[in-house]
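Labels A, B, C and D are assigned to the chains in the order they are written; within every chain, residues are numbered from 1.
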Amino acid sequence: MQVNEYKPLIVAFCCNWCSYAGADLAGNNRLNYPADVKIIRVPCSCRVNPMFILRAFQRGADGVIICGCHPGDCHYTSGNYYTRRRMALLFSMLDFLGIERERTRLEWVSAAEGAKFAATMNDFAETVAALGENKRLEDLRCKK
Amino acid sequence: MQRIGVFVCWCGSNIAGTVDVQAVSEALKTEPGVVFFTNYQYMCSQAGQDIIIDAVKEHNLTGIVVCSCSPRMHEATFRKTAAAAGLNPYMVEIANIREQCSWVHKDMASGTEKAIILGKAAIAKVNLNAPLTPGESPVTKRALVIGGGIAGIQTALDIADAGFPVDIVETKPTIGGKMAQLDKTFPTLDCAACILTPKMVDVAQNDKIRIFSYSEVQEIKGFVGNFDVTIKKKARFVKEEICTGCGACVEKCPMKKIPNEFNLGMDNRRAIYIPFAQAVPKVATIDPSACNMLKNGKCGVCSKVCTAGAIDYTQKDEFINEKYGAIVVATGFNPISMDKFDEYAYNQSKDVITSLEFERLTNAAGPTQGKLLRPSDLEHPHTIVFVQCVGSRCAACAEKGKEYCSKICCMYTAKHAMLVRDKYPDTEVYVFYIDVRTPGKNFDEFYRRAVEEYGVKYIKGMVGKVTPEGNKLKVRASDLIAGKQLNIDADLVVLAVAIEPDKSARPLATMLTASMDTNDFFTEAHPKLRPVESPTAGVFLSGACQGPKDIPETVSQASAAASKVIGLLVKDKLKGNPCIASANELMCNGCSTCANVCPYGAITYIDKEFPMFDRTMQTRRVAQVNPAVCQGCGACTVACMSGAMDLRGFASSQIIAEVDAICR
Amino acid sequence: MKVSYFPGCTLKNKAKILDVYARRCAEVLGVTLEEIDNWQCCGGVFTSKDEPGSKLSSVRALKFAFEKSQPLVSVCSACHNVLKQTNHLMQSDEAFCTKVNRYMAEDSAYDGSTQVYHYLELLRDVVGFDKIREAVVNPLKGRKIAPYYGCLLLRPSSVMQMDDPENPTIFEDLLRALGAEVVVSSMRNECCGGYVTMEKPEFAKKKSLDITSNMQAMGADMIATACPLCKYNLDKNSDAIPTVYFTELLAEALGVKEECDNA
Amino acid sequence: MHNDSRKIADEIILRSGVNPRRCMKCGKCSGTCPAYEEMEYHPHEFVYMVESGEVEPLLNSKSLYMCLSCFACVDRCPRGVEPAKLVEAVRNAYLRQQDNKHMNADDVPAKLDDDLPQQAIVSAFRKYRK
């Protein structure tokens, strides 16, 4: 009988112009990464409200990664700079709450970096899997 | 409650190979709102689209979820399909089960499982979708061209030719730009003035074109179709409408020792001047820093000799407000400063000159009437050394020069070398090069002619040091092919200096909220597919402001920019992107946080009256989003503290629904 | 004002006059050069950062000045070059800095915060050329002097930061302040042949002649330098035009030359 | 053999901190070098040969002791390659091998004259021996 291997649940927010396109490129090039990663498309990484991330953790996500255009390359000129600041604050708050720092990540992935996207997801999934299940923020009432 | 149809695409075996499409559609049928489900080999094909249209009609669907390839691929297709079926096109959501599922996961079980979750997320989102209609805004049918060089001239002429009024703003007293300073043009060697000045006259005579010379753009407000621009017309102390350009004032002006910018300081002009004979507009300008009358009220000669009575010492800067539908940037380039390259002794000897100075020295209208004489002693030079790539192709860590190739230098140096050998066969001409780059029609042939027919000595190597000694310039250089260090006694050294964008470009980009690269060249909307548009809607790029360019390339880009402008101006209304921010006025507390983060200045505040429970009215300050300016990034939605700001098409509730669906 | 002073080996021997004039002129201008205790030779040439051992004498001198909270001044171009480059490494290269401090094994570590001046920079940035112009009693009127920087004062320019490496003016400005007519030669920052003169005198002769003949052609009748080796090469290889230390010219203009010569 | 010299070249690159790949082969270093005529291998060749791992000829060349350390090539290189630092590293690589030196102390007195500044002797010896 097969051992039921633990699979982490990872939510990835990708901006439409760079990272989502980077994820598509990873697909075009058939670069594998774990199926545990589920991507949500947003117009810009600055659309990601910290609330969404907390919601994901509350609902049992084990890791959340936000991907945006490289600094200076934002389709909307400066959106990713806002993201960088907001996430710095959010991450330090999560740290304070005792959520392992490794469960959240902010990465810049351009539309040309399919390989980087796949590598990042592999690495992130591996890191999160090593941490195990997210128990601290999970709302058990949300469990079926 | 929505009535949702789910359509799972096989994409041949692209999806069906790793994802059990049947299982996906079966699994999704129990999701809330789903009333129809099916799967098909190619959803994007006509037959596939017909399935969708039929299903919409048959099952009264209000929302559509297509599980297929990336929305970047076929979202537009399926939106059109929805519209054809009578649905609002924004009631469609795509679950990307190809690029982000079947193509990256090898295992059927996990692929199928993920595809189901992605489908659920899309369904959860569609449940909260609302029909969206793009906003419309009117278009002012007038264009502004900033810069009056060959790029600006060509763009303006083409736009005017299509029947739209155009204004050119030029900082110098005349249009013409760098091309007016050139002597001959490669690779045909026709004279620059002969092909440029007729165009300048065309501009002057075209009743659709207004020229604001000696003027600057002061302020730009508004957005595509509706720019509101303030132009500062600097006081030239001469009434433009009256001046006939006869030049009597220039002749009589006693201030004779002002360095002449047009000849790059190699000769002098007067305090009142017309830059060159074919200037457009041909009117005099007084240089206030040199004019005695303006500085201390003593002189007034020009006013006495002007029979037209055009001189006006009391003239003030004038500000003009105008509305434009489109703006073309054509601010051009300049050679870089040689201060960090004084191993070539540019600052130590008059006989070390830049290529642009060389153009003036060989130009019949230049300081030497076209005779090639060295600036120091007006003797004919017998040995000339040309140095290529001065300040171009420098590494950032060298902390000087530019990293890019300036592109035009190889060709104009070949031209200079060839012309010298043609006119003065007794002259020895050396060209030191790193690489000779001549991609272009008839370009390499031209360079080979310089070598083979005219005997120009091309040496692979670089000049390391130029030392003035007596009336000679001692040039130390390497000849890499011969493996020698050369010492040449030259009479004239000509530096092919790197070019950089005009200094006015950076503040202009800020006014336009147009993006620039690290070298201050304007960035194009797409490097391959949208090369003449700026990412900022309604702003177009023409000429060297976007990157180094020669004349043929500049003119093609100028015409391309003009055609894009015409394409915009022929529209009566512009349709916007409906996925934009909007404030819930009942929740907005008027704090301005959203307006502060908006990169486009799309948010303004208005005072609005709201009915209260006690039937009185209360005035509150609330945010308003200009739908024509908002690009839909969503920065404001996160900044908003009261949660009033939301983004259509990517509403917080929709994204949370997706998160929930994924985490279920 | 008091500054730490690193004379260097040559100034104690073959270039004594360079040192004597420098000290006396500094005094006239209100600066006391305090020779640091037990200084050791800088090594003459800055080789690579790969040889921390050869930089220890410089670090010792720098640290001495640091402990007295004084800038470190030298007159010899070679000493200045080695001191400045070493100090730069101590500031910018953490590995080098750590290694050196371990070698030294002293109570406190040194981090490169001493200000290193060449005597010319001291005159420009601390004393001020205007003040020197006022102090001149014996202007060098009618003397056509070509300043010669050599390579060590200016390069590598990113570290030395003395002036524009290709078209410097500090030396010219000083000579003008002394009342001399300055002859500018583009050869003023080319190498005289340096230490290779010992092994290949004919090569150094060629290099030196390139420089002196250019300066002569540009109209100079005297060359001024800060470097003993430059002076040796130029003087030895050219009879046509003399090379003097700039401190000698300074002493002459300030009216203290004879006093120094007699001392 | 070839592997050996690649190894030495890599060591030289590492110790010098120079990135020879940045060179665009313009030859400006050799165009400006005051010691060019005395050198068998010239600054641009040092860069090229170290990059391609061909260091044996350089190690045994007298050119190493002709470099004046005047840094003209370093300052004028448009690519920031710093050839002089590479020459220095090659010289070190040679001198650090056992018994290698360019000059003996006994050879010096014959080369001196009365005026030669100490500075020259010290510099030369720093260059010629470990």
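What we mean here is this: contacts are C-beta pairs under 8 Å (C-beta built on N, C-alpha and C of every residue); 3 or more make two chains touch, one makes a residue touch a chain.
Since the model is a prediction, treat every value here as computed from it, not as a measurement.
Common neighbours of subunit A and subunit C, by the contact definition above: B.
A comparison of C-alpha centroids places B closest to the centre of the full protein. Comparing the CA-atom centres of all chains against that of subunit D, the greatest distance is found for A. Remark: subunit A and subunit B have CA centroids separated by 34 Å (rounded to whole angstrom). Centre-to-centre, using mean CA coordinates, subunit C is 25 Å away from subunit D.
Separating the CA-averaged centres of subunit B and subunit D is a span of 47 Å.
Chain centres here are Cα averages; for subunit A and subunit D they lie 51 Å apart. Residues of subunit B found to touch two or more other chains are 343, 399, 465. Listed for subunit A are no residues, as none touches two or more other chains. Under the contact definition stated at the top, the residues of subunit D that touch 2 or more other chains are 37, 72.
Chains that are in contact with each other form these pairs: A-B, B-C, B-D, C-D.
Contact residues on subunit C toward subunit B in their complex (touch as defined above): 158, 164, 166-167, 184-187, 190, 213-214, 217-218.
Subunit B makes touch with subunit A in their complex at residues 70-73, 96, 98-101, 103-107, 110-111, 113-114, 117-118, 121, 513, 515, 535, 579, 597, 599-600, 631-635, 637-639, 647, 650, 652, 655-656, 658-660, 662-664.
Residue ranges of subunit D in contact with subunit B, taken from their complex: 22, 24-33, 36-37, 42, 44, 72, 76-81.
Listing the residues of subunit C that touch subunit D in their complex gives 8-10, 13-15, 41, 43-51, 54, 76, 78, 151, 154-157, 165-166, 190-191, 193-200, 203, 206-207, 227-229, 232, 235-236.
Only residues 339-343, 345, 347-349, 399, 465-470, 474 of subunit B touch subunit C when the two sit together in their complex.
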